[in-house]
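Labels A, B, C, D, E and F are assigned to the chains in the order they are written; within every chain, residues are numbered from 1.
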Amino acid sequence: MKLIIAAIKPFKLEEVREALTTIGVRGMMVTEIKGFGSQSGHTEIYRGAEYAVNFVPKVRLEIVVSDSLADAVVETIRTTAKTDKIGDGKIFVLDVQHAVRVRTGEINDDAL
Amino acid sequence: MKLIIAAIKPFKLEEVREALTTIGVRGMMVTEIKGFGSQSGHTEIYRGAEYAVNFVPKVRLEIVVSDSLADAVVETIRTTAKTDKIGDGKIFVLDVQHAVRVRTGEINDDAL
Amino acid sequence: MKLIIAAIKPFKLEEVREALTTIGVRGMMVTEIKGFGSQSGHTEIYRGAEYAVNFVPKVRLEIVVSDSLADAVVETIRTTAKTDKIGDGKIFVLDVQHAVRVRTGEINDDAL
Amino acid sequence: MKDLLKVSGLTMLGASLFASLPAWAQDAATTTTEAATEAAAEAAPAVADVMDKGDVAWMMISTVLVLFMILPGLALFYGGLVRTKNMLSLLMQSTVITALVIVIYVLWGYSMAFGDAPSAYWGGLGKAFLSGVTYESMAATFTAGVVIPEFVFISFQMTFACITAVLIVGAFAERIKFGALLVFIALWVTIVYFPVAHMVWDSDGLIYGWGALDFAGGTVVHINAGIAALVGCILVGKRVGYGKDNMAPHSMTLTMVGASMLWVGWFGFNAGSNLEANGGAGLAMINTFTATAGAVLVWVVLEMMLRGKASMLGAVSGMVTGLVAVTPAAGFAGPVGAIVLGGVASAAAYFFVSSVKHKLNYDDSLDVFGIHGVAGIIGAIGTAVVNDPSMGGIHYGGNAMGAQIWIQIKGVAITIVWCGIASLVLYKIVDMIMGLRVKEDAEREGLDLTSHGERAYNM
Amino acid sequence: MKDLLKVSGLTMLGASLFASLPAWAQDAATTTTEAATEAAAEAAPAVADVMDKGDVAWMMISTVLVLFMILPGLALFYGGLVRTKNMLSLLMQSTVITALVIVIYVLWGYSMAFGDAPSAYWGGLGKAFLSGVTYESMAATFTAGVVIPEFVFISFQMTFACITAVLIVGAFAERIKFGALLVFIALWVTIVYFPVAHMVWDSDGLIYGWGALDFAGGTVVHINAGIAALVGCILVGKRVGYGKDNMAPHSMTLTMVGASMLWVGWFGFNAGSNLEANGGAGLAMINTFTATAGAVLVWVVLEMMLRGKASMLGAVSGMVTGLVAVTPAAGFAGPVGAIVLGGVASAAAYFFVSSVKHKLNYDDSLDVFGIHGVAGIIGAIGTAVVNDPSMGGIHYGGNAMGAQIWIQIKGVAITIVWCGIASLVLYKIVDMIMGLRVKEDAEREGLDLTSHGERAYNM
Amino acid sequence: MKDLLKVSGLTMLGASLFASLPAWAQDAATTTTEAATEAAAEAAPAVADVMDKGDVAWMMISTVLVLFMILPGLALFYGGLVRTKNMLSLLMQSTVITALVIVIYVLWGYSMAFGDAPSAYWGGLGKAFLSGVTYESMAATFTAGVVIPEFVFISFQMTFACITAVLIVGAFAERIKFGALLVFIALWVTIVYFPVAHMVWDSDGLIYGWGALDFAGGTVVHINAGIAALVGCILVGKRVGYGKDNMAPHSMTLTMVGASMLWVGWFGFNAGSNLEANGGAGLAMINTFTATAGAVLVWVVLEMMLRGKASMLGAVSGMVTGLVAVTPAAGFAGPVGAIVLGGVASAAAYFFVSSVKHKLNYDDSLDVFGIHGVAGIIGAIGTAVVNDPSMGGIHYGGNAMGAQIWIQIKGVAITIVWCGIASLVLYKIVDMIMGLRVKEDAEREGLDLTSHGERAYNM
């Protein structure tokens, strides 16, 4: 199985979630994060004191899928999250050795 | 070493933490996430405008342990987090290559 | 490529980010987490009801870098985040199989 | 204190108040001939005008209460309903519009609305810059011979202009351009609000004499704002992601706080409109309790019956609905009639915002029209009903219910037409010159960062 | 203005106010024989009653202040103390109970409490639907011949009924069923609050004549609410996870804001209870400052000494404690005596909620009994002490301190017994019919989503 | 009501009010010889003093409004500007300082400021513990023969002492030691505030007779607080991470709410300082609207021009600036002159906090000096300008503008010198004995947890 971690723009979340559901993804974990990358942050000024905010809000998805689905997931995220503007995000793929569904105790692909 | 990632129900956090401490886990990272899975979300209505909220609040644990402890950790989470209702969560196990304790510079199993 | 996960003290974030930029890191994901470890939490008392808060606020960094940069990243975090007090944090290194930049479709080292 | 227990505290749309307004007690030299004549006609010159400090205390605190309705009241009510990224934009709009309208009111607004010019459409510029008004100047109340300091009267009226202007912004929240909004508001109060206030409230005004009942400004404030809001949100267009994205209120807590402050402040608005601290103000006060309570209960019960759950947004929507509906009726209805009026308005607004609005398919972000417009119209017409003795009303004006209803409908209609057309023209002008709407990217990122360079929360 | 500097502004539990309440100024035809007789007996019929607009202004703003105490004050104070997932439920309960009690008050509450029936237990239904009350109706104050509009008096009293009912909900916060709560409150105000108010405040009332001192309603409001709260939370049972889960307040910020609003509004509650704007009201005002300040300091110092740190929750708990304690004593104590009273009540409540309560092992979520009940009792009895000239009090009523303490204890005891038993029965009835408590799953998920279908924050 | 339209509501720094303050209406036996003489000199003994309930109502609500400015107003304004981890510390400091100063005021503060001692520096301890004051005691107003209850006067003045003390804490927010702060404040009000109030406001006071104009306390409150703040933050030193870490306000929302409450409450502060509900209060009221509005617009326009975006923090900074600036001028300026005064002060403060301050390189966390100090000084001197008939002022006192400016400058200078030196000494003493600043680790972790053992939010 693979763990796919993706950082995307927050307003793309709903669209990506729907697209992934279509190709058979049945679960994921979503975290609000601060992203740092080539997309620059902004400057805030408070009564003359300037603060460079280097982070931009992003949403991070974690999806564990069977090896066979992994490529489709990466591809779907890539095409759906894309706006062609800087800061669209990254996708990373890692190996997962073991998966368990708490409720039933099912393991690996059955747990997803 | 293994990285164990688990998504569980928020109100189970304290119980799981305690159980893990008992079997020798000495550290973890806890993140509040939005979970998507077979447990359905809910619908909110604001002056007649309906919004389907597809995500349910979950808590995500990340625990790095020595290989020998990994199975016990998975088992402990599975039994403690279980309520037998849908949405109890998932446990994933990944390989960790290297670990460092910032304060002392100790590495790998000594760092945990 | 490597995924480097680090839990550090929140007030060290800016310093660590700058140090990493210097050695060539061009992106990262930052999450606010609750950390559990040997650093003890605190007790809060509300009208006589005591609550042990076992978690301390930490910041979690995730950085994906090419294999060649990984050691330098670990070393930089270790030295910069260090205060020599308990709770300085941990660094974990995992293998990443694949990386994609959403905007351009570039992959692996080019995507970072 | 001889007139203490006389009938008082009641008013008629455009009734004697403003006719006798410029009846200076001391400073007769500054009054115009017209005003002097009016004063002579209405207040027997032999009786010296008296200012009762109880009235002054009441009118000052009422003025403060209306400001409280806007800042922080309305600002929070609106702000809580938008998404986090647009919170400050609503707070800013409320704050800066209030400041802007205050300055305009002093410079030319008061004069245009309540000045001495004998025109049917405006008060002229004779009192521009409040020229001639001193701390000794007095303004008449609804009781002959009873006056209050003109500065207090001006302050009270000024807050009404402010809140009306701020009410509008809810309609195109989350997408309006800040600078353009300020220009629009400056034009709108000048071209729409002051003339309508003059036409409705001044003895020379066009609508004066129709005999419509409007105790505290349901027509001038709520219908006016509701119509300007409706026109505005249609012209500006729907929010990006409308109907698709989750646009749930970012803080129902703050919305509830804002609504509560509206209720609290509304006693200044309604009972203050009596201009005197007496039994008439007491009637307006109790109705402002009961109509609101009735409206809350009706909305809550409807939601329980139709959806199984009563929501906080429902309860506060009912609350505002009741407050709007009772505004024109506050001094005329009986406390039980007011419950009914609030309840009916609540049911109507509920039906409108949860069903009709979606069919009409426009994006009035915070339902300014659905709440203020709809309840304002129900309230204006319903005032004729609850004023009737059969409903426990005091039968002010003495018309039969049917006749009074017809008068009320005419008053509402003229306001809708005038405000609708004038607002449309003004929006178009501002849109052509500077554009009413922010860029799509800015809307996505949120107005707080893109228009104001700040975030509401850095938790 | 001849009576300007006379002793005034002081009251006795059930004293002359309500006896002479129906002393209509104009509308004698509507007064009942009983009322007319009473009025005749107490106010020399030759002297025409006068309404001073300064009193009217003060009583209207006092009424507004008491509403402000509830919405948003108490709602925020309570809401901030619960967990995020139950925030809206507290705000909703506060809002809808307020609306409900307003409607009930107009329909039958006022009549039951202050109607003309010569019963010792209730006022009858003669004034149901406020029948016979017009904007010309006047209610007596504590000074013979000085009256205020009855609508203002009704509004003021109405807010007291509302806040008493809302106070109760803190005890079983985070687990009560919304619909059942509303039914319980409707019954409770009818069976407990109105009769107790009548028995205590009406000249025909059972407790009338005992000579107990209660300036602004410590017994009727705070002890009543505290007892109903205690009975309720014991019956409803502890929260799931009580003593195990972290139930820390989700927003101490909002709790502090709510507490501050309570303090601000309490001046309407206490100084407003004087019914006139004079030196007596001024005494009630300064005591509402000093007792509260003393109570804050004592709680803060105790926490510093016993725990090393003074907490915000401690400071606001002290604040509310002081306010509750001074309520019955506000017009009788001297400013320094009030500091002492507030300080003693604060120490007692501190001891109770941080120690005694845990031993008794019940779950009064927001310490309604521990704060309002305990401080209410200390305040009621302490009133006899601080009223004494030796403590700088004005020695109202003239009893020796010991005798007065005994009278106060009797008054407290009867309230506890009556309210305790009646509340118990009503809870049981509602529980049998519809169940008082939500399902465990719903409690876990939080009442906001499960009872109201919304979340307080979508940040 | 004969004096209804007379000039009134105007005051002079240290003018007749306090001279005739102890002119008891009834209780002549309690007045000292000095007071009796003064009273005799100033109020024709043949005319009986009258208390108008309208004045009493207005002064009571004004008092409540000033408390509202502090709790929750100023607490939120300040709290919103700090980082989450220090939120409660600001709320606590505001709450406990208020409580502390209330108790001190009753024990010795009132006597020191307004007691009967014939000293130029303090009022003595003759009225310590408010001895001799009863609910029948009356205090004079600015109109001969018009009095208000002394308890009301004390309450009103007490809130001014409280807010001045709380204002200071913004300067060293996020690093001050809680216990040390309380000790400092207790000393500061005793050694600085009460004597300065006496010197400035009492007829025996040192500064009395200079003829400086200060309607509502710009000098005593704002300059005093601003100087103490400046000295304090320099002594305490910069925050850890200052100029490096992001110290953005954790909730601009709450800051806006607090600022709005300041505006709302400031009507009590300014128009209440008139002590009567009449046209003079009306003038103070409208100026409190217009100066503030002008200041908001100027700051907003400056930010738009110089930075391209108008920020919420800018708008509320302008708001407070305008309020501070108009405080000494509220009853003297015309409404248009007030706009100008507010605007000028706003521009000056903008320039100061966004540029001068950074060059001076000190860390006044919340710009207490930059806003209150700077606008206080501009306002104090500008009062001489806007009071001039050429600017639409009422020309109170009758001096030529130049002469009056010179008088104002002298008043400001003496306040700065006295407050600066005395504050410095007091800070040093407290620092030596207990240390003013928390440990660096505690500062990093935040004062909420380390000083108060709680967190502001547990969302």
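We take it that contacts are C-beta pairs under 8 Å (C-beta built on N, C-alpha and C of every residue); 3 or more make two chains touch, one makes a residue touch a chain.
Fair warning: this is a prediction, and the values are worked out from it, not measured in the lab.
For the pair chain A and chain B, chains touching both partners: C, D.
Think of each touching pair as a link: the shortest run of links from chain A to chain E has 2 of them. Simply put, of C-F and A-F, more C-beta pairs touch at A-F. Note on chain placement: the centre of chain B and the centre of chain E lie 48 Å apart, centres being C-alpha means. Per-chain Cα centroids separate chain A from chain C by 17 Å.
With each centre defined as the average position of its C-alpha atoms, the distance from chain C to chain E rounds to 53 Å.
Within chain E, contacts with two or more other chains are made by residues 52-55, 57-58, 61, 246, 248-249, 307, 311, 313, 453-455, 457, 459. Across the assembly, chain A contributes residues 31, 44-46, 94-95 that each touch 2 or more other chains.
Under the contact rule defined at the top, the touching pairs of chains are A-B, A-C, A-D, A-F, B-C, B-D, B-E, C-E, C-F, D-E, D-F, E-F.
Within the complex, the chain B residues that touch chain A are 2, 5-8, 31, 33-38, 54-55, 58, 60, 74, 77-78, 81-95. Looking at the complex, you find that chain C touches chain A at residues 1, 3, 17, 26-31, 62, 64, 94-103, 105, 111-112. For chain F in complex with chain A, the residues that touch the partner chain are 246-249, 307, 311, 313-314, 317, 353-355, 357-358, 367, 370. In the complex of the two chains, the chain C residues touching chain F come out as 11, 14, 42-46.
Looking at the complex, you find that chain D touches chain F at residues 25-26, 50-58, 60-61, 63-64, 67-68, 71-72, 75-76, 79, 87-88, 91-92, 95-96, 98-100, 102-103, 106-107, 129-130, 134-138, 149-152, 154-155, 158, 178-179, 254, 451-459.
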